[in-house]
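The chains carry the letters A, B, C and D, assigned in the order they are written, with residues numbered from 1 in each.
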Amino acid sequence: MTGLVRFGISTEKDLLAKFDRLMNDRGYTNRSKAFSDLVRQELVKREWTEGKEVAGAIIMIYDHHKRELVNKLMDIQHDFNKVIMSTQHIHLDHDNCLEIVAIKGTAVEVQKLADILKSVRGVKHTTLGMSSTGKHI
Amino acid sequence: MTGLVRFGISTEKDLLAKFDRLMNDRGYTNRSKAFSDLVRQELVKREWTEGKEVAGAIIMIYDHHKRELVNKLMDIQHDFNKVIMSTQHIHLDHDNCLEIVAIKGTAVEVQKLADILKSVRGVKHTTLGMSSTGKHI
Amino acid sequence: MTGLVRFGISTEKDLLAKFDRLMNDRGYTNRSKAFSDLVRQELVKREWTEGKEVAGAIIMIYDHHKRELVNKLMDIQHDFNKVIMSTQHIHLDHDNCLEIVAIKGTAVEVQKLADILKSVRGVKHTTLGMSSTGKHI
Amino acid sequence: MTGLVRFGISTEKDLLAKFDRLMNDRGYTNRSKAFSDLVRQELVKREWTEGKEVAGAIIMIYDHHKRELVNKLMDIQHDFNKVIMSTQHIHLDHDNCLEIVAIKGTAVEVQKLADILKSVRGVKHTTLGMSSTGKHI
């Protein structure tokens, strides 16, 4: 936690008006918050490419009827217990499950886990939501 | 759930070898699963651009010390209760929280919710993990 | 062309230091230019999702030895002459050509052209570089 | 150039029908070409993250009225002449230019060039279209 600073930015009048309109559409009520978010977005992108510790979520859709699938996913998740913080499970319908695995670790470890989960028969889709530990942004 | 079909694909010998190597690196043990996943990945991308019902997660990092933040996030989430299935909360360190909101709804509604959460002061980063209801993939 | 305006932004001291470092790494010598670029980047993203007129390039790799390929690509490009501004062709090696097609039109037309080019036998890879007409950014 | 091979894939009947429909929409007339393209798309992604030699284009929008801009861009491009293959220039309107720089080199060199061009005052937008030398796909 650090103090606030105020600094000036020069930009074209037109561009500033477009910025205000765009940010207003997205729900912002002041420019400072919008500016800070644009900066943090770039910082988080860099954390993922520079091998720093990251956090986020692996989001999976699977059909729990597939034989042995649930046990296999459980085994894999236990092998990666250092990277996995907790798991949220939702029964989407009779067949489909949505499982959201909160992760923290290096980008390489997390990607490895996502790849392994994706390759399991019965897992239909896996995506990696890339966020941050919050420490450096 | 439908039956399996088998069909033939012609491709260059070289390209098939590269496919095998790439998929092997990602943990796949057979081509059929790897092929199906590439197809589903494209189908999910399309669900998000075509206004279909989608599922996934909004991943947020915030500093819970900011005054009124926690109440504000709670209020917003209640306003969007039709889109939100459940929420997973992780205390990353003394300051930072990781909150993962499982969502299901149209891409427009979900994006709207993500935008609103992002604009709240104290929320440092928001990202949208785009997955599927599983019904059409 | 409009005049310049100057306005103030408040942000955390730490975040501003990180912004300065990141932008310095990317070659910026002042914050105003870096800020304006972040804004324009968001504006261009929106032009592509909102059906506005856009500009950019379709980048293709193909093997010119494939029978009939060159004629076919020529025919397609003529069918889309309203969208295509000019084409740059590079002989990468004995087999591979890089062709870069400068485009201007609606996002839908441009995507349609990219899809058609991609589906031609002999075309190995197609990607769409998304930029702007510059008028509204 | 290598010979063709034919191999079998098993998949769910439903998924195959969806694949056929999706690929048909994108202009494909046979599954083999569509399959090969999905594979090559993954291979190209990997070339860009693994430090291999890549090719593609840097796409820039700039306002040529800005003082010294044109000379500065020329100087930078000469400094990177090993990476730049050729340049395509289009006069979009009275103010805006679209310049498309065909590049070949390591991902790091190319990204460096893109960053430097982006930071020049008067350059409104820069994007990097990521393609391949075609040799390994």
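Assume a contact is a pair of C-beta atoms (placed from the backbone, for glycine too) under 8 Å apart; a residue touches a chain by one contact, two chains touch by 3 or more.
This is a predicted model, so every value here is computed, not measured.
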Next on the checklist: Centroid from C-alpha atoms only, then distance chain A to chain D, rounded to Å. What do you get?
Outcome noted: 26
Checklist entry - With chain centres defined as C-alpha means, what is the inter-centre distance between chain A and chain B in Å? => result 8
Checklist outcome for this item: So chain A residues touching two or more other chains come to 40, 137
Checklist entry - Which of line, ring, star, complete and other names the graph you get from chains that touch? => result ring
Item to check | Those chain pairs that satisfy the touch definition | outcome: A-B, A-C, B-D, C-D
Checklist entry - Any idea which chain A residues touch chain C in the complex? => result 2-16, 18-19, 22, 31-32, 35-36, 38-40, 42-43, 46, 136-137
Item to check | Of all residues in chain A, those that touch chain B in their complex | outcome: 1, 25-29, 33-34, 37, 40-41, 44, 55-57, 59-63, 65, 85-88, 90, 92-93, 95-98, 100, 102, 104, 115-116, 118-119, 121, 124-125, 127-135, 137
